[in-house]
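Two complexes follow with chain A in common, the first pairing it with chain B and the second with chain C.
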Partner chain A sequence: MSAIFFAGIDLGSTMTKAVIINSDEEICSAVIHHTGAEHRQLANEAMEEALAECDLDIDNITFIVATGYGRITVPFADTQVTELTCHARGVSALFPDAKLVIDIGGQDAKGMQINNGRLIDFVMSDKCAAGTGRFFEIMANTLDIDIDELGNFSLKAENKVSVNSTCTVFARQEVISRLSEGESVEDVLAGIHDAIAVRTVRMLHKLKVEPDVIFTGGVAENKGVVQALENRLGCRIFVPENPMLTGALGAAVIAKEKALKALAKGEHIQKEKRQLDKASFFRKGTS
Partner chain B sequence: MKELLKLCGFTDKEPETELARIEKVFKRLGITDEDIETGKQRLHKYYDIDLQGLRKVFRLIIKELVNAILAKEDGREKLIYGFMCPGIDLLGSAFMTKSDKVFSIHHSWAFHIVIGCIFGKIVPVLEDAEKTWLKAGAVAHCANVKTIAGPLSMGLFPNPDMLVTSAYTCETSSKTLDILHELYDIPVWYIDHFKDRAITEYPGPSDRVAKLTAESIKRFVEKVQSITGFEIEDDLLIQVKETKRKLEKAITEMRKIVINSDPLLISSSHENIWGCLLSLTSTIDGIEEATDAINMLCNELKEKAARGEGDVEKGAPRVLAICPAGQTDPRLEYLLCEVGIAVVGIDFTMGEKSKKHSDDPYLEMALGSQQVSLELPPYGRIPLIINACKKLKVNGVLDRYHVGCRAVVADALLIEEAVKKELGIPVMVMEWENFDPRSYNHQQFKNRLEIFREMMIENTGNKS
Partner chain C sequence: MNNECFIFNERLDTHLRNRPSELEEAKRNGVKIVGFFPGNYVPEELIYASGAVPLCLIHGGNPKPAETALSSVPRVICPFARALIGEMMLKENPFYSAVDMVVAPITCQHLRKTAEIWEYRGEPEVFKLGIPHQVYDGLEVNDFAERLDALKDKLQALTGNKVTDAKLTDAVKLYNRMRQLLRKISLMRTSNTSVISSMDFIKLNHVSFYADPVFMTEVLEEIYGELAESNTASDNDAPRLLLAGPNIAMGDYRVPELVEAAGGNIVIEEICEGVRYYWNEIEAGDDLMKSLAKGYLTDRVPCAFMSSSAGKRLEFMTKLISDFHVSGVIWYELLDCEVYDSEAYFFTQKLSEQNIPMLILEADYGTADIGQFKTRIEAFIEMVKEEVE
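Up next is the complex of A and B:
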């Protein structure tokens, strides 16, 4: 039997991720792009790049699952699955003993209680984007620091400053105010990271915090948040090597499950020929 | 206008005078030509408006609203509005059957359906109530009370001669009526009624509570008799009760057809419509007309089932929803269907009928009023919900809590815990405002409901 491949594409609010796996669930290629307004085109580009990375053609992919907020608009996907189900599966593929997943992405935060890759319960942030990647972007901009360095600076703090955690706008005002009062950037940043941890733990209140706790999403790359969360939760937190990819990986794993299930039943799984077209959200003639 | 009324069951045979009355009322309510178009679109989108029985039900609801708004002009000398008040629908029907000089109504229900669900124009009414005393966004200010206060502050309804509520079922209702008394000098009557029972009295009704409530309802009727000069005989109450029982039976029969259907025959957005019908305070003739409409609907639903049609895809996860469907906005119920979730029951309609009965119509009213979910504290409500889940064989519970209601809001997490522990099915806790369309957040709700649906499918697959 020739090698078969499966793909997952995660069109998040901020980043678009594509993963191709083989039948052993080994990652053959993975790409990450910024999500723009034309995310339908971007989905094509991400998939083309992922395919090129492992020297495959779209027709070599047996089944494709799209996830994330933009999942409906992926023109070449065979089916769509919600991002929480995909995250649960993706995390379990990497951490089989995972029980609690914290995912903080560009514009929202989620908590998932999982068991053997199955989603048992979930919580999601609502009403605003405080405590998400967007919050850190604004703080990085306010402090004129590269966003990737925020966490490292926070870990150098000597006296953590208390910062409001309920609103991005208020927190920004508070940061400016604290700096003008003479507090150091490191101490203020430690306060910001702790504020995020407090907010996240509050969101998780109705889920059971039990090991293994896994932290995913772009914000998981920030070591300051990881430490602040460990302090607040009182347990070790595991972060995947590439925490942004778990949704797309889970989508690829689900693609494999669906395809194998269908094949076992003798069902035809690809109804239409897939096309990586250049579909646009704009009307023809405008750009 | 004629097209809209046709969708709502009005025919060409309708007297011109009736159509003129509707036009007059719509004008008073600020319904424009644009609103009429919106109304037609919403009826087509959110309701199974091809069903002739449903059209007849809408007709009755519109007529009730028109009659309420024109009550004084029609020569009704005494207007009594009830709100969150046990027995008022039955008593109102008795008053109106007895005398055409009295108009008694649960005045907000028909208003919710027509202004909220059909025309999507309830928000300005809420905002008017918020201008002066019921602050927007404040948790304790349930939008239901705003739909009582707003129409009076906007002058949409004539001021009644008496407002009646229960002093304990919902504390904000009695407080709101206090305010209306202060502002408009409208007399307010309170019916004593409370939720607390000894734990040992569950699941049946409490004689102790029933006795207190019955006596209190009787005092209210004596008051109405002293104001109006007519007598409400026990026989009349029994006759109205019997007529209502036939309507209740027809609705129960229809719900059974829906519960047993797959694909789900009709969206839960219609639940409010039947609920409204039960709350209308029509005369005995009006109740019989409502029963005929529901019977017609039953037959149409059976035909629809035979054709294999439904409002949700076949095999969709079955759900018990906590708290009623959106009273002024059908969008959440529509979204549930769109996402592929079949709401087969609502806890507020799942109460067991009381096995205790009395020949005293007041006591009978009081006994019946205790068996609904709203009237039960958590240790009565949770068993009701667990039983309902088992009976309906649901795959999950949509635990939406009406955030402004102190009577139900605190139960949400207890319900979640109990259902998960006893039944092991997914529960989605969701905050919303049952009477305020501004609480509808399409993307947020959609995200959560889609995940909830997947959890139910996965959970069912794992068990099988």
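Up next is the complex of A and C:
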């Protein structure tokens, strides 16, 4: 049998991720892009790049699953699966003993209880973006620090300042007033991270906190939040090497499962005409 | 009203369309229209027996009235109560405009304040019907029967008609028949067949709140007959779900629609308001007011504003889950419905002990949360499906 490939594409609110795997679930290529207003175009670009990276054509991909909040706008996907199911599967592919997944992305936070890769319960933050990637963008801006450096700064804190607000607007005001009272940037940041940890733990109340606990999503790249969460949860937290990719990876794994299941039954699974269309989309810089 | 059909039955659809002008005509002939706030605590048969037309004011889901009310009440009043206030302020709903008097059951904080705001604005007249908040010892039946007596006096004064035992007995029979038919239709869903979708069943309930009860009962007989005939086994393997919550208003169909679109099958509703309470009939005894009090207050499963309600409702829900072969519960509560929200945790825990997952959705009337709802509902259905497989 010639090598077969599966793809997952995760259109998040902020980032678009594409992952291609082979039948051994090894990652052949992975791409992360900013999500813009033109979802469809972006999904195309991310997919093209992922294909180019492993020297494949779209027709070489047996099955494609789209996930994330823009999942229905992916024109070339064979089916859609929600990000909750995909995260559960993606995390389990990396951490087989995972029981609880915390995912904090660009605009929302989720907690997932999983068992053998299956989602068994979940919670999601409400429509407010408090404590998510968007929140940290504003904080980084307010403190005039690169967003990637927030974690390192807060780990140098000596006396964590108490921050009560996690609402982006109020927290910003609170941070400014703490700074004007003379608190150090490091101590204020540690306070912010702790406030986010408290909020996240509260969101998880309905789930069981049992090891292994895995933290994914863009915010998991912030070591300050990881440490604050470990303190508040009282257990070790594992972060994948690339925490933004678990959704797309899970989608690719599900693509493989669905495809193999259908093939075993002798069913045709691919969408009729799958293409990376461009014609229907107006794009800046092209005529 | 637009030209789209509201309900699958053409006769009912036409009837609903013509109903406002019918009511106007009746008013010109001296008939009184008595509206009441939902919650299934106001005996319609009592209003009907007085010669007045009972109308349950159950419109909601549209953001405009709920937003309009914000000039009178704070945002912490639930969107359904705000919609009631807003509709009254906007005067755009022909059913609400037709009302000569409104009966407001004093249940939760939100409807209590809604009654006061309607009262404050003077038109139409408001009759506040106190509902005992605990059902322990039998005393509450006498209490409620006395309050119903006061309502009867009020209705007699309004209409100039006497509510005789004979008229009341007939009205009880009529409404019992309507409840019985709805129950029979609902119970058809216990088998693995999707004879009627949840959306259609809920809409049937909603129409029954505005339709002429004699006509409604006649059409329900017809619908029941048709469904019974077409009740053949189908291979629908969509996960069977129970929809629970405080209120589902006429027009607030986002959740059942999203569930259907995501491949879920709601087979039974456990809703306080918006679905007529059809499990029990009124057992007419010698003292009809007491029979009504018993039927409407103690024989039924209590709403969440009642003391010690959760245990009784859990017991009822557990029975529904088993009778209707349900594998997941969708709990749809309105924003700031604190009594339901406080019980959500208890239900989540208790149902998880029975391996029944429960999804909690909390919403205002608006569109901001539609994307999140979609993801949650789809993920929940994916999860329940895997469990079933």
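We adopt the following convention: the second predicted complex is superposed on the first by the 274 of 287 C-alpha atoms of A that agree within 3 Å, B and C clash if a C-alpha of one lies under 4 Å from a C-alpha of the other, contacts with A are read in each partner's own complex, and residues count from 1 in each chain.
As a convention for this text, contacts are C-beta pairs under 8 Å (C-beta built on N, C-alpha and C of every residue); 3 or more make two chains touch, one makes a residue touch a chain.
All of these numbers come straight from a predicted model, not from anything done at the bench.
S.K.: With everything superposed onto chain A, say whether chain B and chain C fit together or clash.
M.R.: Clash.
S.K.: Check whether A:Met124 is in contact with chain B, with chain C, with both or with neither, and answer first, second, both or neither.
M.R.: In the superposed model, A:Met124 contacts both chain B and chain C.
S.K.: Touching A:Phe95 in the superposition: chain B (first), chain C (second), both, neither?
M.R.: Neither chain B nor chain C is touched by A:Phe95.
S.K.: Quick one: is A:Thr82 in contact with chain B, with chain C, with both, or with neither? Answer first, second, both or neither.
M.R.: Both partners, chain B and chain C.
S.K.: Kindly classify A:Lys206 by the partners it touches after superposition: chain B alone (first), chain C alone (second), both, or neither?
M.R.: both
S.K.: After overlaying the two complexes on chain A, where does the chain B footprint on chain A coincide with the chain C footprint?
M.R.: 69, 81-82, 84-85, 118-122, 124, 126, 206
S.K.: With touch defined as at the start, can you tell me which chain B residues reach chain A in the complex?
M.R.: 413, 416, 426, 429, 441, 444, 447-448, 450-451, 454-455, 458-459, 462
S.K.: If you look only at chain A, which of its residues touch chain B in the complex?
M.R.: These residues of chain A touch chain B: 69, 81-82, 84-85, 118-122, 124, 126, 206.
S.K.: Would you pull the chain A residues touching chain C in the complex into a rising list?
M.R.: 69, 81-85, 108, 118-122, 124, 126-127, 206
S.K.: Could you pull out which chain C residues touch chain A in their complex?
M.R.: 345, 348, 352, 357, 362, 368-369, 371-372, 375-376, 378-380, 382-383, 386-387
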